[in-house]
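Structure provided below as structure tokens; questions to follow.
By written order: A, B, C and D. Residues from 1 in each chain.
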Amino acid sequence: MPGLPPPRYAYLGPEGTFTEAALRSLPSASKAHLMPCSTVPAALDAVRQGEADGAMVPLENSVEGSVAVTLDALAVGEPLLIAREVVLPVAFAVATRPGIAPEDVRTIATIPHAHAQVRGWLDEHLPGAALLPTPSTADGARVVAEGGADAAVCAPIAAERYGLVVLASDVHDALDAQTRFVLAVRPSGPPPPPTGWDRTSLVAFIADDHAGALLELLTELAVRGVNLTRIESRPTGEGLGRYCFSIDCEGHVAEPRVGEALAALRRTCLDLRFLGSYPRADAAPESTPRRRGTSEAEFRDGAAWVERLRTGPV
Amino acid sequence: MPGLPPPRYAYLGPEGTFTEAALRSLPSASKAHLMPCSTVPAALDAVRQGEADGAMVPLENSVEGSVAVTLDALAVGEPLLIAREVVLPVAFAVATRPGIAPEDVRTIATIPHAHAQVRGWLDEHLPGAALLPTPSTADGARVVAEGGADAAVCAPIAAERYGLVVLASDVHDALDAQTRFVLAVRPSGPPPPPTGWDRTSLVAFIADDHAGALLELLTELAVRGVNLTRIESRPTGEGLGRYCFSIDCEGHVAEPRVGEALAALRRTCLDLRFLGSYPRADAAPESTPRRRGTSEAEFRDGAAWVERLRTGPV
Amino acid sequence: MPGLPPPRYAYLGPEGTFTEAALRSLPSASKAHLMPCSTVPAALDAVRQGEADGAMVPLENSVEGSVAVTLDALAVGEPLLIAREVVLPVAFAVATRPGIAPEDVRTIATIPHAHAQVRGWLDEHLPGAALLPTPSTADGARVVAEGGADAAVCAPIAAERYGLVVLASDVHDALDAQTRFVLAVRPSGPPPPPTGWDRTSLVAFIADDHAGALLELLTELAVRGVNLTRIESRPTGEGLGRYCFSIDCEGHVAEPRVGEALAALRRTCLDLRFLGSYPRADAAPESTPRRRGTSEAEFRDGAAWVERLRTGPV
Amino acid sequence: MPGLPPPRYAYLGPEGTFTEAALRSLPSASKAHLMPCSTVPAALDAVRQGEADGAMVPLENSVEGSVAVTLDALAVGEPLLIAREVVLPVAFAVATRPGIAPEDVRTIATIPHAHAQVRGWLDEHLPGAALLPTPSTADGARVVAEGGADAAVCAPIAAERYGLVVLASDVHDALDAQTRFVLAVRPSGPPPPPTGWDRTSLVAFIADDHAGALLELLTELAVRGVNLTRIESRPTGEGLGRYCFSIDCEGHVAEPRVGEALAALRRTCLDLRFLGSYPRADAAPESTPRRRGTSEAEFRDGAAWVERLRTGPV
């Protein structure tokens, strides 16, 4: 029995990066056809054009901040929906080619940024080794495999892929950085069902350039008990001082409080783009106690009461 | 063909007061059985107990303020709904018994309050006449008819009823005071249909004695574009500092913005009593420009959009 | 050494009412010359015209609500300040003329309202006695003293004043009603010093008839951590729908948070009348936890920080 | 008489970039010693360590958004103040080495990003020329001057510096992009005096991770009539979901409304960093009508009124 063809997933390449690791953390990726793309827009466009069924791209990093290119590529163009999120710690492997002893490491291939984050470990364990800059950590692993350097600082998945020997894993600086990745898909059918620990992502284009517009937007969420977890202004490209807002909030569009808040933003914003409701990676209950009167049951009771007022008692 | 029995309307008596005039301004009152009651609670209870089909009572006066006894009698007890409002100017007739010339008027029977309001006219036209205080303006007219005084300051309806000669009508002080009356009925069937110039009346019991509760209540109305036209705090009887709020707002419960706001208050207040949606007496468009995104069409579009998000595109 | 002349205090009469009892609860009343007045405006005008140094008047009752005449008389006319508040339980004495045994009581003189509140006690202890209505409870006591009735329901102070025998004191219905009285004085010098349990009273005339004006007013208080304890709308007399707001809030004008909030209301309202900062009668700490950043020390630190920004570091 | 030594200004290099052009637009730059730095943090640290008197760095671009490295470098470390802002259009010069005719241009040296923005012009005027990527537009000009390519796409200042012949200036894509640069200095003395078209920059660290914290922050600004012109969330590095906010608002700390708002944020935020009050580059009046009651005169009147309440009338 043939079954469905395996899914095709694009991701921000090259192979062996943390983004590939994020993608491979999905059960459905094990049998999938994975397609590395050179840029985030290229990965998303592969989905838009039907060449891929989903695209894994980085959205934000707990130290670096939002990935602007991802926010912008999701905010415009053919609409896509976020169906999943994956959060990975930024923890590197330091790996050598088989046969190279630590004391023989003279060159380390990686991107300078990663090098900086593990400098403490390198100073202690591989003192005196020089940096050979590469465009990505995965490229560093490849260069080591090809003999161009002695050791790489890379994602664990890259060490594995290039057959390197891992000297140390989980090497990172003091900040315990994490990166959040999202899987974007074409809209088709309902979003994934609510789990109780969901997130909803939006892009809001504010109607007027008036001072209180953002305050009003936040009030629409707050009065309905919808907590904001991320807000990021992005230029609309129409001039300094013209922004849209990339927003994450707690809850699922299927919940009454979120649905009512989204309808309110749809009405009061110039434009509102829905980027999906999907389970949060931490699968934890909401951080903030829910405001009185905003549970699903209370919403349904309130709506039913108004309906009775409208039709009148029997 | 016999048809329905004529309606029975209670009102705050005695006969000949402005409240009766307000009631008689309703077309349906022409064939109705009218029942004067000695107090507002008595009139409302006549409706509650099925002895009357409606009760006309004063709610507020533009100079005196709210009629506390009416607010309180509507806020507790078996629920009633306001089905109509009537606004009357506080303008008095000065009337004498037939055969009495103005120059012969020595005594004027009325309530002291009315006497004070027309003192200017009296000083000019009936100088030297003494006040004979009566419990109501209608009582003053009755006393004049019975020969106990020479002239009355009363509602025009009382002069008519007691066969007096009107020396002057539309006598009032500089403030152009108005009184607003409401017709309360038993809940049965839907409220009167929306007209485009409706009012909705509520009593909100605030959940927590916390400082921001009133602010939150007003925010629930404001974000949905529902304008407040009257707010009155009334003690709940549970101690100083414990209040409920008697509220009038623009709009009709059948409108999405009002329905959503009422559902929100129902959820977030300790208790919310709906006192009806009914046409405003001024039949004028709303005073304040509607906030962006709060029209009926925008509400329906927003809700439809969210529904599409939930079910997914075809 | 002669010293100051004794203070002269007006109050809402007649003698022997709860208002006199409230006034006599002030230490300074013991040597004062007390002046009963027939109305609240008369008592306040006695102060305005220099005939009295203060006037004790009722402001609100936990069951009846605000005393509209007091609110209105304080809101307009020559400004007065509230210097003290007194809260008294509404608990009556039932008293007879000496020599009358309970079983001989046939008539009870009091205002009907008070009679209603103690009906339970009367039914049990003085069954069958008829009500003789009087304009005030104090009048009831006087009538009994003069032999016109057998028993009075009155303030304890009236029984004492008229030499009656108290059958029962602290008689009241289930609601434990309280009345709050205030002592109004002419503005001269600073308000009484802050105690830590102060109240500030205001009358706010809203600038525009716009829907959000009350919301904005409450926001000005809330952002500065000033809790509202009473808000009452009163007609301005300019037509239905035109109100001012009589407001009590926690705190003293000498506190930075209150001062800043009052300045904000002064700027944003059409008019703002300050009615005084004075100790709350309950002398209790504030009911609501203070919002972060609104203590006196935090206000002073914030202002000092801004001052440093303005002048620049050394 | 020798006078002061010339100022020393650091800037984001290399020489010949738009940042240098922004710096040279300042009158004080004409006699200054200019120090190109390889990174924004290096330029700011030169000021912090006293090696430079100011540093010009890019803050945001109307198409690309904020320059995260600038926001982050200003948000932490030894405090700096923004003393000036400069806004430049992103408009390129296309320039050749003297003696090269347009029809002989085969290679174009620039950063790929600039190449993409002027592709329309190149396709029309220099068809067939290949891109030679360089790390900056200024490097492209240098490469052309040294004979390594035929034409450069660069800032006008770079063409001038390297003695190139400008084929076209003001070449840009349809978006009319602008970049905003700021001059950061060490705090010493007061900020530049208010001009009437000032901006104030802040970094706010929100006290609690509670949902309404951003809403409260915006409310503190809004009630005082301080308009937000930019808000950007940046990770604090303490984990996903932990942000600080980089904020620009209209007005000057010397104004009462701004000073009061800053004091409020200082009190209610976990930390607040003041980044300066300085003239807006557009020198235009504020975009939004000022909220009632927030002018400087109204603030002073309100404060004076409260002061009179506190001390009492004479």
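Note that contacts are C-beta pairs under 8 Å (C-beta built on N, C-alpha and C of every residue); 3 or more make two chains touch, one makes a residue touch a chain.
Predicted model only: the values in this text are computed from it and were never measured.
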Partner chains shared by subunit B and subunit C (touch criterion as defined above): none
Interface residue overlap between copies subunit A and subunit D, same or different (over half shared): same
Subunit B and subunit D: spacing of chain centres that average the CA atoms, whole Å: 61
Cα-centroid distance, subunit A relative to subunit D, in whole angstrom: 29
Per-residue multi-chain contacts in subunit D, two or more chains: 219
Pairs of chains in contact (touch as defined earlier), listed by label: A-B, A-D, B-C, C-D
Interfacial residue positions of subunit A with respect to subunit B in the complex: 187-191, 207-208, 216, 219-220, 223-224, 253-254, 259-260, 262-264, 266-269, 274, 291-294, 298-299, 301-303, 305-306, 309-313
Contact footprint of subunit B on subunit C as seen in their complex: 60-66, 68, 87, 175-178, 180, 209-212, 214-215, 218-219, 222, 227-235, 237-243, 287-288
